[in-house]
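I'd like to ask you about the structure that follows.
Each chain gets a letter, A, B, C and D, in the order it is written, and its residues are counted from 1.
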């Protein structure tokens, strides 16, 4: 298979993994920047991640215009992805999801911060983007580039951001790492709620977060990837651990 | 298959989905108004939703009288459904369930309100119906039309209401949307408990709730429906997303 | 099959259901009084409930003596069951388990009480038996009749009691109802913890609990039984709902 | 099969069980001391526990040097295991994991202590090792013998210790008991968080903990082992309960 074909298979796998691990339900999406055409990204047609096949994958320009839709309906929120790829050339994969434990951190004053080493790749602290601040009462969906760019601005150069009353975004330099961060973001949020109920929490130090982020290479990410593929019933493809 | 046959298959599917997603256990029921005879509704005989087959489905008049029981035993609480169909001509599907996270909101002073966009279809705030207020100490079951009508009165023109020490009701204009609301009601209740433990909660604004309710069309609902069917091992039937 | 053979099959099924529903893990046991010999009860050899086969079932006299062990090792805690059958002739089935949500109620001052109709069969309020009160520091196991009788005394004529730092006991007039109460006891405890975190809880009234207990007949219990059998991959046998 | 071969199969099984029971995800490891060569231990190459096969198992000297790597990449944190085997000749199996409920106890002031008899094998109280105390800001991984020995010193002669912002270690005299303690440590931590939210907690007394630790023999451990093997789809091997 050509490299692009392998990447598309892997994008299907990423969708299935996120569904299997409870990061997405019928909603949420993961995309990749096109490896040969950095001005495009690849995203499924509007469909539940658990149901996606290679035939569902479509190309979009960064402003969210489908290149060859063939009658397939795109996700309304493709602008989340386009705007992040537009703002950050180093980003090769974006996830948008509503993973359950992240929601309370978008609607209360508590800051979501990494508390264990596996989760340090979520970054030092998650900013919260509130669509209402600039766009007033909406259905909360990011349905145009103005909204997408406003969200991307809040994200800044971080790996993650929360969206009030909605969910979160994750941006990474590889697809597998975007999946990794999404899964461990849910875990960190879940554990932080429990720890906060017990008293003051000792979070990772800035130096520790930086050290983990520098260390989390393909070798480490691939160990998680093989595991999640096994659980989702998908082939893991090429792995650095072998 | 005739339209009615398709709807009956879909009603079986709805039962299986609600069981698979943990909204019902061995108890709880989902019904549809008869598409050709608005003075009737279709409901299974008394059986766990996970076990229901097409042969279990029975027709009832709105006062809860079985049309052709053929020896099948009806649910004791069919009056919940009949009374809601009687009061609200636009309602085509009703769910009654005991989904676990909704229970605490029926027995404490905390109000259940939507906090994320996926859950805005539960409505602005859930009223709580207490059978004891009018009927004194009972086994809490809604076993006649007087009780059903009293509950329907509390529900009013809302999509959802809680029943103290018992569960909730969901009313919608389609079967698939009734399933949708039931699943996201459980999620909202679960997340609200967690968020409240963290401090003051920023709920969706009234304008946001209205905007989501206006937007949640067949296209959106069908994406969830395909996903839940996949998980329950059932055919999804015709979908607007295709 | 003879009636006893059917009952033994059902006892295996009850073990599998309790494991499947998370009421027991590798530990815990469910027994029946012998239908023809009220001075005996039937219990598996010492084995995880999920693994039990008919060949593992043994007869015991009420003082815990195996009638025909054939080299099989009995559970150390068979005296829990014997002592309850000895004290209460109407009881035909006993469950002892460590279902997780019940544990916190045995080690804190909070009383476990029914808060929803499905759970009213747990009784008005669960007493807590502390083995340390009479027997000092032990490994907490009920390993002789003196301990079993002391526990049975705390249970009194109730359907359920908690055991501090250990678990609970359930006593019922049928095997299926003992399974029912065990499953809904876990649910009630889980929901009560959540509700208490939200503020004052409105529990079922005494009259409501009595009404539900009077109503929970074979018809109702069988609906749950068919569901749990389906999930555990076991035949449901004869059902009143058919 | 020779004894060593049986042990290696059982080590694979232990990995699968810990994954199936949620004690490890793609990360964490379980090892055994070599039965004929007490100066060596056996550990998988760097791979998710759910994916491990016998071919992945490698021998290490206690300082973490692979004996015959054949190109296989070892876990970075093998020094956790080596240092504990070095310090404690009676220990035959070590688990390192990030089981979710243990994490909050490593980052708050609350002490993790046994509250039910099944969990008494975790010991009287878990010490917390903070890598930052001696080694400053790191990626929190135990990547050399100095770190491993410092952790082993905190563990002392206990069965368990917590690692701040990271996870825990479990040390036992048999592989099956190390699995047992790991699973019940997660349960105890989970239940303790819930119980603490309800008020003052009555933990097991010192005498009770000692009594349970003295009683938890192969017979008891094997009952759990057979259950966990059944769930993980693995052969249980020889059992004392038969």
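To be clear about the criterion, a residue touches a chain if its C-beta (ideal position, glycine included) is under 8 Å from a C-beta of that chain, and two chains touch if they have at least 3 such contacts.
What you see is a predicted model; the values in this text were computed from it and never measured.
Taking each chain's centre as the average of its CA atoms, chain A and chain C sit 46 Å apart. Rounded to whole angstrom, the centroid-to-centroid distance between chain A and chain D, based on C-alpha atoms, equals 32 Å. For chain B, the set of residues touching two or more other chains reads 197. Taken chain by chain, the contacts form a single closed ring in which each chain touches exactly two others.
Listed by chain label, the pairs that touch are A-B, A-D, B-C, C-D.
Chain D makes touch with chain A in their complex at residues 19, 25-27, 45-48, 50-51, 73, 98, 100-101, 103-105, 107-110, 132, 136-141, 164-167, 193, 196-197.
By the touch criterion given at the top, residues 115-118, 120, 187, 190-191, 194-195, 197-208, 210-212, 214-215, 219, 223-224, 226-228, 230-231, 241 of chain C touch chain B in their complex.
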